[in-house]
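Heads up, the next two complexes both have chain A, just with different partners, chain B and then chain C.
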Partner chain A sequence: MNLALVFEQLLNGVQFGVMLFLMAAGLTLVFGIMNLVNLAHGSLYMVGAYLAVSAIQWTGNYLLGVLLGLAGTLLVGMLVEVVALRTLYERDHLDQVLATFGLILFFNELVAMIWGRTALYTELPSWLEGHIEIFSGSRYPLYRALVIAVGLGVALGLWYVVTRTRLGMLIRAGASNRTMVAALGVNIRLLYTVVFGFGAALAGLAGLMSGPIYAVQPGMGELILIQVFVVIVIGGIGSIRGAFVGALVVGIVDTLGRAFLKPLLGTVLSPTAAEAAGPALASMLIYLLMAVVLALRPEGLFPSRGT
Partner chain B sequence: MPGRARILLWSAVIALLILLPPVAEALKQTFYIDLLRRVMIFAIAAASLNLILGYGGMISFGHAAYLGIGAYAVGILAFHGVDSGWMQWGTAIAASAVVAAVIGAVSIRTSGIYFIMITLAFTQMLYYLGMSLEVYGRDDGMRIKTHSQFWGLIDLADPVSFYYLVLALMLASLYLVHRLANSRFGMVLRAAKSNEARSRAIGFSPYLYRLAAFVIAGALCGLAGALLANHTAYISPDFMHWTRSGEIMFMVILGGIATTAGPLFGAFTLLVLETLLAGWTEHWQVYLGPLLILSVIFFRRGLAGILPGARDA
Partner chain C sequence: MLRKSTRILVAGAIGAMFAAGPAIAQQKLKIGFITTLSGPQGVIGKHMKDSVEIALDQLGRKVGGLETEVIYGDDQAKPEVGLQVAEEMMKKNNVDIMSGIIWSNVMLAVVPAVTATGRIMVGANAGASPLAGSQCNELYFSTSWNNDESPEAMGKFMQEQNINDVYVLAPNYQAGKDMVTGFKRYYKGRIVDEVYTRFGQTDYQAELSQMRAKNPKAVFVFYPGGMGIQFLKQYSEAGLRGQFPLYSVFTVDETTIPAIKHAALGQWEARFWSQDIKVPASQKYVADMKKKFGYIPSFYGAQSYDAIMLIDSAVRAVKGNVKDTKGMVAAMRKANFNSVRGKFTYNVNHHPIENFYLLRAVAGPVGQDPVMEIQRTIFENHKDSYYQDCKMKW
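Showing the complex of A and B:
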């Protein structure tokens, strides 16, 4: 285990972390403002990935395809909000969980009908292939570095929008007291649709960036969704800052666990025992982390102060 | 007379369930014995969830965990040559209770959305554990060669005997949950659901009551898992997949939350609907999904809510 390898896995962890953040930001905003538990957030991630794959093939241009995919996911998200979710804001969490569970079944099967069940892989344009040298002897794939940069850029932009703009002010006000915001004459319905579409576009962005790294297939959204739940529970539901910290922690812990837990266990256990326990423990690691955080701080690391 | 209507309804349901095997065999449609047996096994799982979800207000999104633990207890013991049903089912129930105690002890400290997510996460952990058990087939699962043995008292390899055993156990489970929900214990549980602050004020600390209900529900669902393993003669981590938890939850809601018969109606409707849709089109989930959404939006009281006298709350 040399230092360059550890560094590379650490970067992979950050890369996974920023993708988790893109998902978590939308989910936590939707929960914080509309008090809606949206299990179908993972479906938007999947829709983003598929739309981008198709749009890239159709236009033959990577950037154009990415933009079309993003716009498409934004539209799908707003459509879902207007058609299905709007009636659920006043319902309890149980109804929301069940209805959005229905949405997942629908989207997974719809995608399988249109694109088939086999996994798709996105081809990277030549200018995104290759490696960059971070310090001598450490080469890192350019695309993954770009993902990190985009993720951090979005985080920065989100921070700016939420803390420095009028829209952000409305979002924060909506999160702490919805009724009051509506009473002050803000079109809260429109605000909801905008926030939901915005969250959907972020999920779509995460999905379409995941295309060249992981497989694009039906059900891909749920795999990441459950990890995103862990992120926002650790970070504190409704808090974007918490989502950012939680996402990086979960991304790094998960990636390092998968890479190094088996060899580490091998130094204390017999090789066969490490072979068996390593992968199991690695995939359970983030859930253990969440249980520990919740046992110590039931509201997460950064509890939001809204009602 | 809601009381009389209820007795009539129950008699009709039980009579139909008892008469099904001979009729199905006479018509050479043994497929229906299998289907109904599966429905009743899931009715037990749904009834156990109904205890904590319906009466206790604890939205557990990880109830499939106990289904999996029960099934794996049977499968693992059978793999190592322990065929005794008493041992297998006893282990299934005990192991589920222990795991439920651990999960419950952590989860019940939280509430609302945190509770939903943490129960989901724990089940996901067990799912990945099942996926990585090399000896027991990993993600492929494994076949169980022999059914649970009960000193020759009953032969589970015979579909009809097994059917009647499941029927008896299901009726017992529904009755158990009904009695629990209407006992002093159940009253405290329901009081804590409707107003936690008030039930604290009159001197009850809900935590232990909730934990006890959580453990009982886990144990009962463990039994359903043991039955399911015998039903399919097969175990796989898919028993613990989170969509399975969603299905069980949906059965409770569809049938009528916090009603005695709800879990049976819910399990029946959902599984029969799935079977029908799956026989009609490969892409049945495209239709099932919107049906779920519509039923949540427009059909809030569940099936038991529209039947006269079936509602006992």
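Showing the complex of A and C:
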């Protein structure tokens, strides 16, 4: 276990973390501000991936396709908010869970009907293929490095919007006390639609970036959604900062656990016991972490102020 | 009062309808077919369902001469859901016979529930080892293989090639363990490390980094369905293709090639069947699949096609009296049908004795995806390693 490998695994963790963050940021805002449990967030991730793949094929230009995919997901998100979710804000969480679960089924089937059940082929443009050399002998795929850069850039941008702009002020105010914001004459409906649309676009961004790495297929969103919920619970519901820290922690803990838990256990346990316990424990690690955070800080690491 | 009596009348009428239902259903054969139709693994289910439909088409929609209804169920790749679907099919739809199932963990949950009701289960993919050995059952038949067998073939091939220092990766569930056990039964060289990943995992970068640090001579993996797509993409993306030769089972096939295209080229696989096998029944099946559904079928489909044909042969043998379970079992043991693998013989544990081939993904027609092609036979009339634990006598 040398230092270069640990560093590379840390990078892998950060890359997984920023992916989770892009998903979690939108979800936590929707949860915190609108008090809406949106299980269909993973569907928007899937829609983003599919729209981008189609747009890239259609335009033949990677960047243009990505932009179209993003815009498309934003529109789909806003449409979903206006058509389906608007009626759910006043209902209790169980109704929301039921309705948004229905949306998952709807989107999965819709995608399967339009694009088929077979996973789509996605290709990287040649300028994104290849590796960067970090240490001698330690290569890191260029595309994954780019994902990290984009994720951190988005985090920075979100931080600026949320803390330095009027829209951000409204978002924070909405997360603290919705009734008061509405009473002050802010069009809370429009704010909701805008926030939801942005959340959808972020999920779409995660989805389209995941395309060349993962399989673009119906139901791809649900594979990542559970981890995103863990991130939000750890970070604190409604908090962007919490989502960022939570996502990085989950990403790094999960990756390092998968990589090093078995060898570490092997130093204290017998090889067969480590063989059995390592993978099992590694896949539980983030849930154990969540349980610990819940026990010590039930509000999460960075609870959004007010309720 | 009037309203109440009307209500009773309506209730009576509805009751009569239900009572009349099963009487009509008697001449009909109902098959419950469970597979995964939704989510990331839904493509496998599509291949299986489409193949069942082709089998039905070829039989004129009459299995064993009986009007046939196939009820498809979606197990979402989860054992508890599969069990629930099976219970519903048996209690609500009153199916005569059950078939399908992709995943070993689902199979292990469903088989006891089905056989406990006295119904026959024809497994069309999963080959969990307990069901071939100690837990073998009169009422359970497989038209696929035992999990260990394909990796046994690959292990034998790699052993013959004198490949040493192999890195092994598989998902952490029943079949993953079975595959590695099978591989090690015939591969006797050094194994650098055995890594089990979470079932349904999407990102393998951490495992790939670990692997590269260990610098193995070759890599052996089992990643079915969506997991295989992700693994192969990331393997190629990480530039490992040229560095560590990859050998696999159930990873590169007709369900995953459309998504990975050139990343599949040159890939070695071991399997009991391939779309290019020179067997008349198979050639007809492949042609019909291409014609009706426009794609090259996978082994998942071929096994499902065989499952329906096996049921057909048994129902014919008992002259449509599907309640004659003993007769059906006896007929199934003979496996008197034209299988896509050629001659079909059952071992004592109701698992087929069959050949295993070395396959390779080669370039397809210009502008099309790579295709799987048989290179040579690794095992002839191979029996699984568990049948001696099976107490069945016949």
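Throughout what follows, the second predicted complex is superposed on the first by the 301 of 307 C-alpha atoms of A that agree within 3 Å, B and C clash if a C-alpha of one lies under 4 Å from a C-alpha of the other, contacts with A are read in each partner's own complex, and residues count from 1 in each chain.
Methods note: a contact is a pair of C-beta atoms (placed from the backbone, for glycine too) under 8 Å apart; a residue touches a chain by one contact, two chains touch by 3 or more.
In this text the structure is predicted, and so the values were computed from the model without any measurement.
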When chain B and chain C are modelled together on chain A, clash or fit: clash
Which of chain B and chain C A:180 touches, first, second, both or neither: neither
Partner chain in contact with A:279 - chain B first, chain C second, else both or neither: both
First (chain B), second (chain C), both or neither touched by A:220: second
First, second, both or neither for A:15, with chain B first and chain C second: second
First (chain B), second (chain C), both or neither touched by A:143: second
Chain B versus chain C as contact partner of A:98, first or second or both or neither: first
Touched partner set for A:112, first chain B, second chain C, both or neither: both
Contacts of A:298 with chain B and chain C, given as first, second, both or neither: first
Touched partner set for A:132, first chain B, second chain C, both or neither: neither
99-107, 261-269, 351-359 or 369-377: stretch of chain C that collides with chain B: 99-107
Set of chain A residues, in rising order, touched by both chain B and chain C: 105, 108-109, 112, 222, 279-280, 283
For the chain C and chain A complex, residues of the former touching the latter: 38-40, 42-43, 45-46, 172, 194-198, 200, 202-203, 205-207, 209-210, 213, 226, 229-230, 233-234, 237-239, 255-256, 258-261, 295
Chain A residues touching chain C - in the complex, by the definition given at the top: 2, 5, 8-9, 12-13, 15-16, 105, 108-109, 112, 117-121, 124, 129-131, 139, 141, 143-144, 210, 212-220, 222-224, 255-256, 258-259, 262, 275, 279-280, 282-283
Touch list for chain A against partner chain B, complex: 31, 37, 84, 87-88, 91, 93-95, 97-99, 101-110, 112-113, 222, 226, 229-230, 232-233, 237, 276, 279-280, 283-284, 287-288, 290-291, 294-295, 298-300
Chain A-touching residues of chain B, taken from the complex the two chains share: 53, 59, 61, 106, 109-110, 112-114, 116-118, 120-122, 124-125, 128-129, 131-134, 242-243, 246, 249-250, 253, 283-286, 288-293, 296-297, 300
